[in-house]
Structures are given as structure tokens and as C-alpha cells.
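The following pair of complexes shares a single chain, chain A, combined with chain B in the former and chain C in the latter.
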Partner chain A sequence: MEHAFLDKYSGIDSPIHRLDPRAKVLGTVFLVVICVTTPPTLWKAFAAFFALEITFIVLARLPWRHVLKRWMIVLPFIAAVALVVPFLSKGGGSYNLGPLHLHGRGLLTLWNVAAKSSVSVLAVVLLSSTTPFPDLLKALRKLRAPSLLINLLSFAYRYIFVLVDEAQRMLRARDSRGWNGRWLWQSRVIGNMIASLFLRSYERGERVYAAMMARGYDGEVRLIYELAFGVEEIAFLCLTVLVPLAARILANV
Partner chain B sequence: MHIPDGFLNTGVSVATGIVAAGAVGYGLRKAREELDEKSVPLMAMVTSFIFAAQMLNFPVAGGTSGHFLGGALAALLLGPWLGCLVMALVLLVQCLGFADGGLTALGANILNMGIIGTVLVYYIFRFLQRALPSGRGSYLISAAAAAWLSVVMASGACAVELGISGTTPMGVALPAMLAIHAIIGIGEAIITVAVLSLVMAVRPDLVRTYRPQGAENLA
Partner chain C sequence: MHHRPAVEVKDLRYSYPDGTEALRGIDLVIEEGESVGIVGPNGAGKSTLLLHLNGILMGRGEVKIFGMPVIKANLRDIRRRVGLVFQDPDDQLFSPTVFDDVAFGPMNMGLSQQEVESAVKKALRQVGLEGFERRSAFHLSYGQKKRAAIATVLSMNPDLLVLDEPSSNLDPRARRELSELLQSLKITKVIVTHDLPFVFENCERVVVMSEGKVVADGDVFNILSDGKLLEKYGLELPYGYYPLPKETR
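Let's look at the complex of A and B:
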């Protein structure tokens, strides 16, 4: 059963993994916000963002295969822009590529989305691959996210593995019976699978709820916070805040 | 349809972020009122269910496939605001855990799939249901229309946001997105109806928007 899809690499021991999750959350948000608000022509700033992230990925000893696989999630969006925008968004000079005419402004838009989405995806991959999800939720709670929201997410985190497992079991059962749906009207089979998935999960939820009530659950989740903000955290935050800021200001000069 | 970071400009990010935060806040309040805090495990289970169901691809034509979105189903099973909350939670897990959908685009993604594709679609569903004679058949027909609309409108909103941000030309992206999702939406409708009719047969009490015997439908 392959279901270690979340938190697969967050158990590694590295300087980045050991950081207080609050520092990583703040640093990630800051880097992403700085990046998406940087004008696309500041090439050097983007080079600095990538360099910073690559340093952290190396420090965190994350497998490149994993990072690249997660990065590929933005590819369809970049591809959709690449197929249309350079040809239609006129202005800024034009380039000939065989029989095709590419326009400068469109190419700049393409670079803009490709660079910004890649930097941001890498930032979030770094955060999620170096921080166990429960720690991430603790950090968000400490940063004043509503407690009901965090409780819901922390329960959902427990169930997701169970239900994805259930869904994969159903897929295997279906495929081993020789199903090869190729057309839209065969979607009904998936509908029936999703319906049984819903019934199984809801009834499981009811059982879990009853069991928790029987053990004295009163709607309050008590957590032990072992978070500590020390020198390493401050150093990390300085890097993720000051390097992008400096890069952006210096790139303008 | 999960917009990544960098595809929206600051104005669109901030505006959609404010709308989404308001809706999630309202959804949380509704959840406290309607469910009391103890039913957290149940809501979380539905969240994980939508997450897992989105991993099941359905065939579209000759090998291509789309995946289930679940906004309309969540709204019909739970009511509009709890449905919205569940969709927002799914998007949050996808964004934080898988980098699927950007941090600065989270507001837009919640607006598209959790508000337009769930809350708005729910009210269209209610309107349709009032227009049609009451009964199981017309409930399912309205549900099918709602499911189709949720996918089409969410994709349309996505194209509009990208257009306003100057990323893709609206004149090309909007018709293209609508045309593709008009087909994917049929799959969503088939699946939503299949799920609802099976759940209505086995556990009718779990479909919060369906009351048989012509009773007034409750949100």
C-alpha cells in the first residue's frame, strides 16, 4: 500500500527539519509574497530566490526527484500559458521561430508566471517536506489561526491516509475485475465507488465520534507545544526575509 | 483548476483573499452553530472523503480523464456553508501539503471551488428545485444541473481571474476553459447523481438537503 504521500520526507534529520515550524511558516509566506510582487524584469532577484531555495533544499537533504516531482504540479498551467500567450500578447518586439511569431510581451508574461510559480512551489515544497503536518498545524495555531479550523485540519490529516487507502483498494478491486472505462458515460461506475467511499467514511466517522465520546472527548484538543524560537530560527528568518528583500532592491539598481 | 502562485496580480489575490476569508469565517461560525464543536470528527471525515474522491479519475473520451471536484456534492450533502468550509479545508490541505494551488492564490481557489462552485451553486439548485415539481426525480435533475454548473462556473471564474490579472487573454482562455469544462461537468453531474441516489437509498438521513414526502427542504 503506497500511502506515504504526505510527510514522506519530513522525518529526515537536518538543520532545516529541526527549525521551529513557526519560523518556516513565516519565512515561506514572506518569500512567496516577495516573489509574486517582484516585477518580472528583475532577473537577478529571481536568481537569488532560486539560489536561496536550492541552498535550503541541499541543507535539508531532500531528494531532488521528490522536489522535481512536486514542482511538476505547476507544469500544466505554465504549458497552457506557453501555448497561447507568446503568440497573442502583442508588443515588445517579435521573434521568429520558424513559421511562428513570438511576441516580447507575451514571452515576458510566460517568464513571469513560470518563474514566480516555480519559486513559490519550491518554497511550499520545502515547508511541507521539512515539517510534519501536525507540527505545521501547531505552528498555525500558535500564529493565531482559529482553533476550530486547526482541529478540523488535524482530524482530516488523520483520516486522509485511511480514506486514500480505501479509495486505492476500490480502484484495485475495480481494475482486477477488468474494468476499462474510456468514455464519459461509463463514469457512473466511479459515481458508485465514490458513493460507497462516502458511506464507508461517514459511518467510520460516526464510529470514531462515538468512541471518542465514550472516552470523554469534549470538543477540546489538548496539545503539548514543544516549540522553541532560538538563534537558528532567527537566523533562518533573517535569511528568508533579508536575502529576498536585498536581492529585490539590489536588482533594481 | 488549482491556480498556482504568480498567475494572479496583487489586486486579484487580495480581493479574492478577503472574500474567501470572510466565507470561511462564516462557515466556521455556521459549523459551531449547527454542529457544536464535538462533531469535528465527522466534518473532518467528510473533508478527507472529498480529498480522496478527488483522486478518482473518471474517463472523458478515449483515454483522457477528468477528476471529480465535489463542490456541488458537498453543498447538497451538508448545506451551502458547511460545504464551503469542507471545500476550503480540502484546498488548504492540498495547498500546504502538496503545493497544489498557490498560497497567494488560495483565496481565488476557495472563491472558485468553495464559494462559486458550492454556495452559489447551492442557491441555484434551490431555485431549480422550486421551479420543478417536488420528488426524487426532480431532486436528482436539479442536482445534476448544479453539479454541471459548479464545474463550469468555477472554471469560468478561474479564467476571468487569470484574465483580469493579465496572465491569459480573456477572449481565448474563457471560451476554452468553459468548453473543456462543459464536457468535464457532464462527468461531475453523472457522478454526483450516482452518489446521491445511492446514499439516498441507503442512508437518506445523510443527505441534509433532501426530505422525501414533499416536506420543505432544509438547508
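Let's look at the complex of A and C:
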């Protein structure tokens, strides 16, 4: 069975892909924090954020189609804001659009949401498309993210498709026996399936734990981390820290 | 020299928390270097017995591995020496990449990074999966998963390899490759399976279990050619299959 992958294109070779994932994680977090705390009227700062991201996308040789497709997940949120806020949030002058009145403050809010969500999502798309997920987990571990959280992510990454496959097999088995889902009493079947899927996962969890114990697991996850900070990582971090900072300070002047 | 068998089980009894008596007094000695098949119907207690060999389960009675009693204080050492391969490779391969899985045991043993890397490399070469380090287990074929699962314990350099249903769900070629792999490993092996020809090919000795007890134990040919015994314990050879004494093959 075919599945979509979180870290598509993370296997290609480029200067960005080769960077220590820790640098990319830190850079991403920094860019997002600076961006969301920037007042929306500092247009030039946002231009700089986008320019920086576009530079990295080009350097990483990521296909634009892929980047845009991933970026599109913010569209529903922007659309929800666009349909309501510019009409209702009064103040800051108003513009007529046929029979509708658009308000300046509402438009600013729309820009604020659109720009910040886009910068943030692009930053995360960049991170996930240039870093294989296992490397990302290792980097987070190395950066001392809570171990429990990383274990959870790691098992989720490993077993989500196993679980999806199991669910699909159950659906097939159900449909093969003439289920049509037309009657209310048949909804019980779905409840039973969810329960059965839960039990199977629970039992798998126990077996996985036994397999971990069998290989000497003692509650601590050890890891080998091969990459180190070099000139490239420092240069990358300088860019992702200094450019947004400078943009924000200079745009204010 | 003091005699130390690889496995020594004396009057082992175990009941599951729900009260089911899974083992009702097992006595079993496996010498170093032996390959032993454990067969028997479902529910005979075969897998439960395996889980006692490295202390995942601990019942009443005595289990010794290379002379070491299976008690809490020895678990670390015992789990290094006993490589237990579970039936479902999706349970055995729980890490994001094949490398991480094969490295899991050696890292828990506290080996240095270099030692871990060379152990992983060696184990993957042994099972014919060089170059699969960065792959996710999800992208392996079933046969590859089974071999990767074996690599995860070979990397710990075990003295006793314990396999639960190694040949189940394998296509004939993967089954052949597995057989060749097992024969290339010159260590003590315990194989639990329903696949009698697989036992005949890979083991010299067979232990038949039924209802939590050992009911027969002996040379693989003598047991597999004893039609009455097999029938009594719900076992049978594939249609048209007649074992020949090993020497004549």
C-alpha cells in the first residue's frame, strides 16, 4: 500500500541537506519566533524573511511545486480570516469594494495572519524537506528535547503506516462480507473496529516493549550523532539569525 | 572442566495472569553448538518457553543460560548472550531506520561508537543487507524484515540464537535464504516453528511440546519419521514429504 511521506525530498544532496540538522532546527525556530513577533507594518522585514527562505529553497534544489503544495495547507486558515475580518474589524480607514466595505485594520490583520503563517510554514517545509525525519529526531534529542516526546514521535513515525495498513485490511475484510454502512445499527461495526484496532495496537506495544527489553533496553535511549558544527553550520545560523534580526531592526528605523 | 550447557531448564512452571497454565514442568538441556527445533501445536507453550530464556518472563523453577541463573542481577549479561528474535519483524524493528535498530542492542551494551558501527556493519553483512542502513523498516520486503530482525540480535554477538517462527509468511526464496543464513551462523540455535521441513533442514534435534510439557525429545529424523507420534500431537509433514536419514542426503 502506498503512503505519503513527511520528509519527501529529504534525500537529495544539496548544501542545505548536508547541514547538521541541529543548525536547521535552531535556525527554523529562530526565524519563526522573530517573524511572529514582528509588527505587521514592518513590510520590509517580511520581505527579508521571504527572501531568505526563497534563497534556501533555491539552494536546497527543492521543486517549487512541492513547496507550494505544502504551503497550501495554510490557505484554509488565511481564507477563513479573509472572508470575515476585513469586513468586521472596523477602523483604520475603509475602502469600498462594490457594495462591501473593507476596513484598514481588518486588512492589516489579514496581512498579519497571511504573512506570518506563510513564513512559518515555509520554514517548516524547508526543515522537513531537507532533513530525513530520523535525523530530525536525533537532532532534537541532541538538543535535549524531552525524551518522552521524542520517543513518542519516533514510534509514531515507525508505526503510523503499520497501523494504517492494519486498518485498511480490516476495512477490506469488512467490505468483503457485504457491509454497506447504510443502516444505523451498522455504526456499531465501526465502534467495534476502532476497539479492535486499539487492542491490536496495545498488544503490539507490549510486544515491542518485550523486543526492546530483550536487547537490553533500560529506559535510556542512546544515540550516535555523527554530524558536527562546522563552517557551513555557523554560516547558516549567522544567516538565519542575523538577517531576520537586521531586517527587523532596520525596517523599524 | 565444569560442564555448562547453553540452556538448562529444570521443572519450569508458568501461569499467565489470567490463570492459564502455559508451562507445567519443563525439563530441557541444550548443549553448546546444538541446533534444536521446538515444535508442537498452538498453545503448547513454545513461545512462553522462549520468553523465559532471556528473562522477559520468569516462572517457577530454574533456568540457567551458560551456567548463569536467569535472575534479575544477571539479566544484562544474559540478554547480551541470548539473541531473541520475535515472530513479527514489525515488533522487532521499532526504530526509524535499520541502522538504529541494529545498533540498539550494542548501544544498550555500552559499546563505543566505533564498536557499535562495526558491529552493525558486520551484522548487516551477515544477513545480506549491506547498504540498507538508512532505510526505514517500513520499506523492506517481508523477507528483508525477517533478516533485519535477525541482524538486530547478531549485532550483540550472541552465543545463543532463539527464533520464534522464523520461516512463517516467507516465500520459498526468502525461506531458502533464511535457511542458508542460519546454517552459516555457527552458534547454538533454538528454533520454534510449525514448519517441520525447516526443522529437518536446520536442526539435529527436535523437542515436541504439548500442553506445557515436553512430550518427546530426540534426533530429528527419528522424531519426524515417527508418524504415530506426530499424529498424536497434532503435527504432520507436508503431503508427499518423506524424511530421509541425514547421512543419505
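Heads up, the rule we're going with is that the second predicted complex is superposed on the first by the 220 of 253 C-alpha atoms of A that agree within 3 Å, B and C clash if a C-alpha of one lies under 4 Å from a C-alpha of the other, contacts with A are read in each partner's own complex, and residues count from 1 in each chain.
As a working rule, contacts are C-beta pairs under 8 Å (C-beta built on N, C-alpha and C of every residue); 3 or more make two chains touch, one makes a residue touch a chain.
Predicted model, so just to flag it, every value in this text is computed and none were measured.
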Chain C versus chain B, contacts on chain A by residue: B
Partner chain(s) touched by A:G216 [first = chain B, second = chain C, both, neither]: second
Partner chain(s) touched by A:R70 [first = chain B, second = chain C, both, neither]: first
Contacts of A:L148 with chain B and chain C, given as first, second, both or neither: first
First (chain B), second (chain C), both or neither touched by A:V33: first
Touching partner for A:V162 - first (chain B), second (chain C), both, neither: both
Contacts of A:R204 with chain B and chain C, given as first, second, both or neither: both
Chain B versus chain C as contact partner of A:P132, first or second or both or neither: second
First (chain B), second (chain C), both or neither touched by A:I224: second
Common ground on chain A, meaning residues reached by chain C in one complex and by chain B in the other: 133, 154-155, 157-159, 162, 204, 208, 212-213, 217-218
Residue ranges of chain B in contact with chain A within the complex: 3-7, 10, 13, 24-25, 28, 31-32, 36-49, 51-53, 55-63, 68, 77, 85, 89, 92-93, 95-100, 102-104, 166-169, 172-173, 183, 186-187, 190-196, 198-199, 202-203, 206
Chain B contact footprint on chain A (complex, rising order): 6, 28-29, 32-33, 35-37, 70, 73-74, 77, 80-81, 84-85, 88-89, 109, 112-113, 115-117, 119-121, 124-125, 127-128, 133, 136, 146, 148-149, 151-160, 162-164, 166-167, 171, 181-188, 190-199, 201-202, 204-206, 208-209, 212-213, 217-220
For the chain A and chain C complex, residues of the former touching the latter: 132-134, 137, 154-155, 157-159, 161-162, 204, 207-208, 210-218, 222-224
For the chain C and chain A complex, residues of the former touching the latter: 51, 54, 56, 76, 79-80, 82, 84, 86, 88, 90-97, 100, 103-105, 107-109, 113, 116-117, 134, 136-138, 152-153, 156
